[in-house]
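Structures given as structure tokens follow.
Next come two complexes, and both contain chain A; in the first it sits with chain B, in the second with chain C.
This part shows the complex of A and B:
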């Protein structure tokens, strides 16, 4: 019995498992950063959609209706690659001499000096921005609707007291819209959390990739990882993780809702 | 409040309106209106619904931009640009500065729901007038006490009755130290028993010698509070004068008809 405990203790604390545990930080970082960016892009998109100027309105509408339709997996593959190559292209136009380009045998980048090597931190940031952009389009729709739910008279009062357009937007409309937006945003947040399981597409050794490796039969026998196909056990751990995140998120959103609803939700009168 | 007979100095026009026109689509709501409100004067705008009285009031602070005509506050003309129906504010900084001195009270209160009563009253002085917080807070509390809801400072608007909300809205208008107070049917959304408490506050302000322009459907109140009453009919001033003249010695047949109907409400 105690041998069993000793075995599992050493099995679950070997280096590869510790790396797996550490990789949870990537998932959590991508979710939080992606979530914050989605709200930021959502606020920008909704403001554009509400703009008095047609071109801005079109940009906002284009963003929210087109990007929502793009599959997140595709965008995940497209955006970081496109961004990387765009940076390299600009960089190459600055640093590459004709001789360097002639010496370059590979098709890309144009010269070796313009090669931008991405590692996990950069990929993680690009992944967060991708999440932010894709789910920001959903947030745009949610926030746009919420902003229109703010009673018109209160915006008018703000103008009547001399607030600028920006002050009306920031101090009244955005402060009040949360109570209408949060239910929708909590859905967007759940979608973002789910989408973090795609991190491994970007060479990030995330929780899914490690679960896959560690569960595979006889992955690294040299370090004691000898067993049958245990992937389902590892996947089960991920299920539990995602369920816990869901439960915590729900509690968090309830707290946010109480904060945003102060004075605005019926909470007993007179 | 009637001006004292001893006032020799001609008082300055705080609000001057000249030849105001406004249409909504094909409907011409204001057809050329001129009037002035002098320092300390209380003017009531009366008339049936659709006579343009609310639109006229909303033109004073440019919540509605008139198609034609001039509005001047303290002798300063509000700059407008373009031609109707695209006429618009000409100088954002000017209108913000002028608006920050016009205390508007709305029919539906329009308190900011996410702020407490105290925060509502402090918002414009802090954010627009950029005054110091301690000074503003002291004044805001004093104003809330003045309108009789000092103990509600930390409540939210949704926790107050309509009459209390409207009094809070009046405190909000007072706290900007307005040159003019604009009241847009301040009691129309209230039950009769709550109307009284709001009217009492407005009466106190009128007696203090504040300059006020008031849109109202309450003839009894217009009579007791005003220095001058303006009766609008179909976008034009049909009759104007002191309450005694307008209510006691009515000249216009339309006003007579209107007052009869109002009495029988």
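This part shows the complex of A and C:
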């Protein structure tokens, strides 16, 4: 019995497992940064959609409907690649000489000097930005609806006080819309949490990649077969982990909604 | 421009794989979801708890993890179960296990939609049906189901579009066999070859957008038919929402 416990303790705290536990930081970082950026892009998108000028309104509408019309994973792969290439293209226009371009045999980058090598931190930031961009489109929709739910009298009163358009938007409309936006934003947050499982597609050694490595049949010459294919057990752990995160987020958002709804007239909760 | 059209044609067979995954999982997912929704609403605590837990688990975890989990589970049972039965070529094939996981996943999302609609069925109509002496199957068939499907249809359309989008990650989790590649794998391979990310991903995106629009159109027609008794028929707009 005590030998069993000792075995499991040492198994679960070996170097690879510790790296696995540490890799949760990438997932958490991507979720939090992606969530914040999604709200920022959502605010920008909703403001554009509400704009008085047709071109801005079209940009806002185009952004929110096109991004929602294609799968998140497509955007998630496309955006970091496109950003990297754009940077390399600008860089190449500065540093590449015709001889260097002629010497380059690969299709990309234009010359060897303009090669931007991305590592985990860069990929993580790009992944967060693309999460923000994709789910910002969903947040745009939520925030746009919430901004229109702010009672009209409030905006009229603010205008009557002599506030400028910007002041009405920032001090009254955006301050009051959160209560209406929270249920929708909680949904967007759940989507972002689930999308963080895709980090390994951008070569980030995240929890999914480590689960795969740890679960693969493990053979040590000294000990023999440590375990056979245990991958499903590791994925089961992740499955449960994500359900727990969803559960906790749901509880958190419910508390937040109760708090934000204090003193508000709400017909939703009888 | 010619290059663009040539590539659109090149992507067509790949789009069929995405359409196959969605089309293969929609019918069974639909039926399973009806039972799950009824289970969640059931007065039997065990049945209700089980359906509730199932729906929560599959909506609360990423589809990507679900794919990995079920595929690795099937792999680990290979030597002891599938091989002796001689069906491992079938069970482990992405074209089988892909729709299987998608069915499990979409039925949870659809059941949540149906459950919401089930609770929104006007109570008065059910009471009237009971007053007429209808049995439960009669009530369900004549009163509850017609109401439920009309209430749920717009949200269900949305779910089908997102199910189609979800097929984009099938081959990131399951092995690609030979030339059986979907839109994402095709685009990714082409990008790895010539680094033209804008072109290849745009064409894949166009396919997803086009099929989404077709789904909205077809399901809109069904909705019009469902609502044919209404004086002014409500229309459906292309507006994927955040239900998933």
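Couple of notes before you dig in:
Operating definition for what follows: the second predicted complex is superposed on the first by the 255 of 270 C-alpha atoms of A that agree within 3 Å, B and C clash if a C-alpha of one lies under 4 Å from a C-alpha of the other, contacts with A are read in each partner's own complex, and residues count from 1 in each chain.
Throughout what follows, a contact is a pair of C-beta atoms (placed from the backbone, for glycine too) under 8 Å apart; a residue touches a chain by one contact, two chains touch by 3 or more.
As the structure is a computational prediction, the values presented were derived from the model and not from experiment.
By the touch criterion defined above, A:125 lies against neither chain B nor chain C after alignment on the C-alpha atoms of chain A.
In the superposed model, A:184 lies in contact with chain C only, and not with chain B.
When the two complexes are overlaid on their common chain A, residue A:77 makes contact with chain C while staying clear of chain B. Look at A:113: by the touch rule set out above, it reaches neither chain B nor chain C. Contact with neither chain B nor chain C is seen for A:205 once the two complexes are overlaid on the shared chain.
In the superposition on chain A, contact of A:154 is made with chain B only, not with chain C. Between chain B and chain C, it is C that contacts the larger number of residues in chain A. Look at A:101: by the touch rule set out above, it reaches neither chain B nor chain C. Residues common to the contacts of chain A with chain B and with chain C across the two structures: none.
Note for the complex: chain A touches chain B at residues 151, 153-154, 156-164, 167, 171-172, 175-176, 262-264, 266-270.
By the touch rule above, chain C contacts chain A in their complex via residues 56-57, 59-66, 68-69, 72-73, 75-76, 165-166, 168-169, 172, 184, 187-188, 191, 193-195, 197-198, 201, 204-205, 208-209, 212-213, 238-244.
Chain B meets chain A in the complex at residues 61, 63, 92, 95-100, 102, 104, 106, 108, 110-116, 123-124, 127-129, 156-161, 172, 176. Remark: chain A residues 65-66, 68-74, 77-78, 81-82, 85, 107-108, 138, 141-142, 184, 187-188, 190-191, 194-198, 201, 208, 211-212, 215, 228-232, 235-236, 238-239, 242-243, 246-247 touch chain C in the complex.
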